[in-house]
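There are structures below to look over.
Shared between the two complexes below is chain A, which pairs with chain B and chain C, respectively.
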Partner chain A sequence: MATRLAMPPKGKKDPNSKLHHQAAESADRRAAAKNKWASILIAPTLILLGIVIVYPIISGIVMSFQNDSGLDPDTGLFTDGGFAGFGNYTGWILQQCPAPGGGTVACPPGTLESQFWNATGITFFFAAVTVTLETIIGFWMALIMARTFRGRGLVRAAVLVPWAIPTAVTAKLWFFIFAFQGIANELFNTSILWTGSEWPAKWAIIIADVWKTTPFMALLILAGLQMIPGDVYEAAKVDGASTWQRFRYITLPLVKPALMVAVLFRVLDALRMYDLPAILTGGANGTTTLSILVVNQIRQGFNSAAALSTLTFIIIFIVAFIFVRFLGANVSEGSGVIKKAKVIK
Partner chain B sequence: MTQAVATSSGRPTESTPGRRAAASRERWASIRTYISAAIIVTWCLLPFYWMIITAFRDVAFTYDTAFYPTHVTLDNFRTAFATDAGNNFTLALFNSFFIGATTTLIALVVGVFAAYALARIDFKFKFVILGVILGASMFPGVALITPLFQLFTDIGWIGSYQALIIPNISFVLPLTVYTLTAFFREMPWELEEAARIDGCTPGQAFRKVIMPLAAPAVFTTAILAFISAWNEFLIASQLSSDATAPVTVAIASFAGSQPQQEPYTAVMAAGTIVTIPLVLLVLILQKRIVAGLTAGAVK
Partner chain C sequence: MKNKKSLAAAASVATLTLLLSACGGGGSSEGGGGGAADEGLEDRGPITYVQGKDNSGVVRPLIEKWNEEHPDEEVTFKEQTDEADQQHDDLVQNFQAQNADYDVVSVDVVWTAEFAAQGWIQPLEDEMAIDTEGMLPATVASATYQDTLYAAPQHSDGGILYYRSDLIEEPPTTWDEMMEMCSIAEENDMGCYAGQFAQYEGLTVNASEAINGAGGTVINEAGEPTLDTPEAKAGLENLVSAFESGNIPQEAITYTEEEGRIAFQEGNLLFHRNWPYVYNLATTEESSQVKDSLGMAPLPGADGSGASSLGGHSLAISVYSDNKATARDFLEFITQEEQQRFYVTQGSLAPVLESLYEDPELVEQLPYLPVLRESIETAVPRPVTPFYPAVTTAIQENAYAALQGEKSVDQALTDMAASISQAGS
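Moving on to the complex of A and B:
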């Protein structure tokens, strides 16, 4: 309003062009005013995120190129670190540790460096297995919850319970369930050292994670399902499409945007998995994820840990990029779909 | 069945056997739905139920496998709150509450303006900023922990409340902005204009029309933000001290009345105390929580 009133009269002859000019200018000004207003409103958020995220990342990257200060194994004197180049990164990626006499040697087994590729492997293994299981089970749960039946409210309430329990408590709960004399061994009449041996430990973590996070997946997929108009199914039924065909050619493609967003969120979340393995196994028996490795390394040396956390960040970033770029997880479109679903419901 | 055929005589009907088959198929489908629903409810609630009945079970019968409450006692809750074993659960509850509430408050006060701009104003780089905020919400906390650990060590903040609140903002603030933006987009903002036309001042329009409309959205977002801060474990486990440890950290390192023995029943009691308020809150606000979860599409 104010911008239009403030328009100074121009001495142009053609009244039409003047009007156009005025309109364009006032639109410009209104846009500029909007931009200014929006940036004032958004600035505090961006500044705060800059302080709590960008600053630590940059200082982490700077740290990752420094040597850890400490006692020089060669001279026995305290050294102040200094520039390390890519030394911290090669320690993790190429498994090259500084040798006592200068130069590098292959990191001996037992060092944290030597666990890097195993940790990367197990992190991806956990992410792949848990997200696959959660997608399948979550889809099934969503299909059930989308049906109309008495007690549907109860089911929808029940799935929120695992989601609401803190992961640390979930871990303790499953630790008890998987205890040697616990209910899991009793029920299946087995005597497995669940959290104390290689594969059972992995499965214990996977089961606990699936229990905890499938509901989230199911709710996101359900939101996507509810956006599909019912008459599409009616039309397909009339045309003689089987249940499987209706699922394959209607449900799946229409729910795909929401599904991809849900999968993306879960994959990124699973790649930083820490709470469950840290509490269930402490990272023993080949369950050390990248996050656990970072935390273990912090006690040994900040700079090397900074290199590892930067690597973890890069790995997760690459996975996110691949998802968005090649698998078509369009986050804004997907959440738009979810939003519409809510309106329709 | 025959009755149904008779009443719908107005239009051509299928033969009775066909109808009967369809009806029985439908009955089967409905039975299958109920069985599936029962499986889902059992799978989701059984471990939770197990935690609660264990919490009320005498420690001597920790491994009792009866599916109903046996050897009921309140001792575990007493152990959970007893400080002689080195636990300070009351303090941990306070810490969690304080850290969660402060984080939520900061995130809301700052985030509500950004969400308003993102939902209501068309401006340059709007989608870039939305993308940045969404990306920030997926940011791995482990990438923050090393630099923050060193920084907080240098300035002597390790174990302080601010050392736990600041990192929490990194994931609570993006979640707050994103969820609020989704809520604000759906609000009937034209009512504000209507109120202005009807003679309200901008302040009145905001207080009498926008506030009551936005309050549930802000409240739901606050709950989601609080839950995510309450559940945080990784950062708190590294940056807290005994005096500031939140419940997640306290439970993870719980000590029982007998050393060398995992105090399962007391841990389950502590877990029950931590979980019950959340579960109740979530169940009461079920519809809104689900809407907030899926609208923001963030954990």
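Moving on to the complex of A and C:
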């Protein structure tokens, strides 16, 4: 908007014609006045964005280059850590902690630094598995909901229920389900330590997350499905396309823009996952995600936590970039479906 | 036209800077003094008291009582959430903002060292000193950092060994005795022993108790790890081998306080380590199977009674408070016998005054008091260090790996020691 308003009016200027000249001048003035107004109207938004987005990011980056406060051995009081350079970053990425006598040593197991790569790995693992499952199940749910049948409104509302429940509540519900004497073990007549051993803990989190966020996927995909004009299918039917062909060559390509946006949202969301593992396992058994690590580190030192959140931010940014640039997730233009539909016709 | 645009941008940047510097400015002008700890020592006036959610309804009546007696120095109660981590973070934020409205704060025993080292809480010396005569020594030790008292013990807490008095005649006094009694549990088709072994603060409590109970220590006064001893090894080994032999049932690896309590109440455990709050629930809850067979004893140790981890809270005065003389009097008020008695009767919170544990009236109401006293008397404060969050992470991570059998006890202790020394550097 802003750039469009700021553009000088494109008109052929003829210096010899007074009339033209005057017209151009008044157009200039009008545009200038408009422009001024635009700036004044936009300023509050810019200031607000500056305060809530730009300032925290910059302040976080500045903090991440400071050492966490250390203890003065004489007074027993905390003192400022001073400039750290990339010390906080190398602590996370290279797993090098400052040694007591100077220099660095490998961070021993039991420090938060030593968990960084595990946390990154498990975060991506959760993102990949949950989003894949949610996409498949969500697609299937959307296909059902897109049909016309009795009680469709009821089904659509019912599907939304898990998503409407706050995540913390969901997590607590699943925590009780997965307790040793909980419903899950009772139902399957097993005695699995759902929250107390490696793989069951991961699956418990995946199951809870899929249960909770599949409806979100389903709804976004459903919206995409409803953008597809019915006559495309009719034409295909006339041409003798089978159900599979109609799905493969019409539904899938036409719903792809909506699908990619949904997947992008979910991936970014999953990479920030905090509440489910925090409540279900407390991060035990290798389920500490990056966000949990950040929160734990905040209690041990803000500056190192700032470095970790900056790293998390960069990681998520790269993933989002890949999605938008290479996989064609287009968030800003919503009309892709119609355009492509016309091309196919 | 371009000029106008950049002008607008410059204007918004200027406004932004102005706003931000306004926020920053407030802090620096107040903090400029640097000697906040010396200011307002004589001043009196209304103050605010901050603590976590008052579940047992003790605080409001006490404050009402104070306010009746001191109409010019009224205390306002600010209630935090009931999550310890959130309380901690809230206090940190307000101290960092040098908030003068947080006059008296309730601190968990494990936070005292951190807040003291940050210079956020008032040393209780000279005119600020309070009388600690008659208080349980362990509670005073937990409020002390580098030989200076920083907080007034408010209420205490210690671990108790609950057992089934219908199956056990004489409670075990040592760990080995208890393990021998596990055959009784087997005969009755129940688990033998459980504490809190999920990976959270409760595991730090239980692992430290195991190590302290076997005669070892986790860290020394200088904050260095002392885990390289046969005693420390024996302590952790006790827990690990009990898991291996099944004396601690495998599901106990998921237990926090509540899961353990429920398992014990349902009759699935012979011995259970937990806090005093279990007594009321286990004797009154309808679903409890152990209403008439609830036995209580001090925690078992290597030879004789073990060493409980100390829980509880202390009251500290913020250095940024404007009315420290009032705040000091409020601390004294809370530690007086009458108020401490109210803590026990109304809130079932363990008092810090030794004399109350022998009060016949109180013992009749709460039969666990003598046991609890023994527990608190031999209690070892959890590692007193300003780096407590890092130390507790180091203990939890490695003790958990040892209990899961992912690491040998030796390896776990070596890693624990290494990451504890890392915390201080």
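The working rule: the second predicted complex is superposed on the first by the 283 of 345 C-alpha atoms of A that agree within 3 Å, B and C clash if a C-alpha of one lies under 4 Å from a C-alpha of the other, contacts with A are read in each partner's own complex, and residues count from 1 in each chain.
Assume a contact is a pair of C-beta atoms (placed from the backbone, for glycine too) under 8 Å apart; a residue touches a chain by one contact, two chains touch by 3 or more.
Just so you know, these numbers come straight off a predicted model, no measurement behind them.
Novice: Figure out whether A:Arg248 sits in contact with chain B (first) or chain C (second), or with both, or with neither.
Specialist: Neither: A:Arg248 stays clear of chain B and chain C.
Novice: With the two complexes superposed on chain A, say which partner A:Asn35 touches: chain B (first), chain C (second), both, or neither.
Specialist: both
Novice: On chain A, which partner touches more residues: chain B or chain C?
Specialist: Touched residues of chain A are more numerous for B.
Novice: Output check: A:Trp174 vs chain B and chain C. Expected answer is one of first, second, both, neither. What do you get?
Specialist: first
Novice: Does the superposition put A:Asn296 against chain B (first), chain C (second), both, or neither?
Specialist: A:Asn296 sits against chain C, while chain B stays out of touch.
Novice: Between chain B (first) and chain C (second), which, if any, makes contact with A:Cys97: first, second, both or neither?
Specialist: second
Novice: Which holds for A:Leu46: it touches chain B only (first), chain C only (second), both, or neither?
Specialist: In the superposed model, A:Leu46 contacts both chain B and chain C.
Novice: So, does A:Arg272 touch the first partner chain B, the second partner chain C, both, or neither?
Specialist: In the superposition, A:Arg272 contacts chain B only.
Novice: Taking the contacts chain A makes with chain B in one complex and with chain C in the other, which residues are shared?
Specialist: Residues 31, 35, 39, 42, 46, 51, 179, 181, 298 of chain A touch both chain B and chain C.
Novice: Okay, in this complex, where on chain C does chain A touch?
Specialist: My answer: residues 1-2, 4-5, 7-9, 11-13, 15-16, 19-20, 85, 88-89, 116-119, 145-146, 198-200, 250-251, 253-254, 259, 263, 386-387, 389-390, 393-395, 397-398, 400-401, 404, 415-416, 418-425.
Novice: Looking at the complex, which residues from chain B come into contact with chain A?
Specialist: Per the touch definition, chain B meets chain A at residues 30, 33-34, 36-37, 40-41, 43-45, 47-48, 50-51, 54, 62-63, 65, 106, 110-111, 113-114, 116-118, 121-124, 126-127, 129-136, 138-151, 166-167, 169-170, 173-174, 177, 182, 185-186, 227, 230-231, 233-234, 237-238, 247-249, 251-252, 254, 262, 264, 267-268, 271, 274-275, 278-279, 281-283, 286, 289-291, 293-299.
Novice: For the complex, which residues does chain A have touching chain B?
Specialist: For this pair, the touching residues of chain A are 31, 34-35, 37-39, 41-42, 44-46, 48-49, 51-53, 56-57, 59-60, 63, 140-141, 144-145, 147, 149, 151-169, 171-177, 179, 181-183, 186-187, 211, 215-216, 219-220, 222-223, 261-262, 265, 268-269, 271-272, 274-275, 278-279, 290-291, 294-295, 298, 302, 305-306, 308-310, 312-313, 316, 320, 331-332, 334-335, 338-339, 341-343.
Novice: Can you list the residues on chain A that touch chain C in the complex?
Specialist: For this pair, the touching residues of chain A are 6, 8, 31-32, 35-36, 39-40, 42-43, 46-47, 50-51, 55, 70-71, 76-78, 97-100, 107-112, 114, 179-181, 191, 193-197, 281-285, 296, 298-300.
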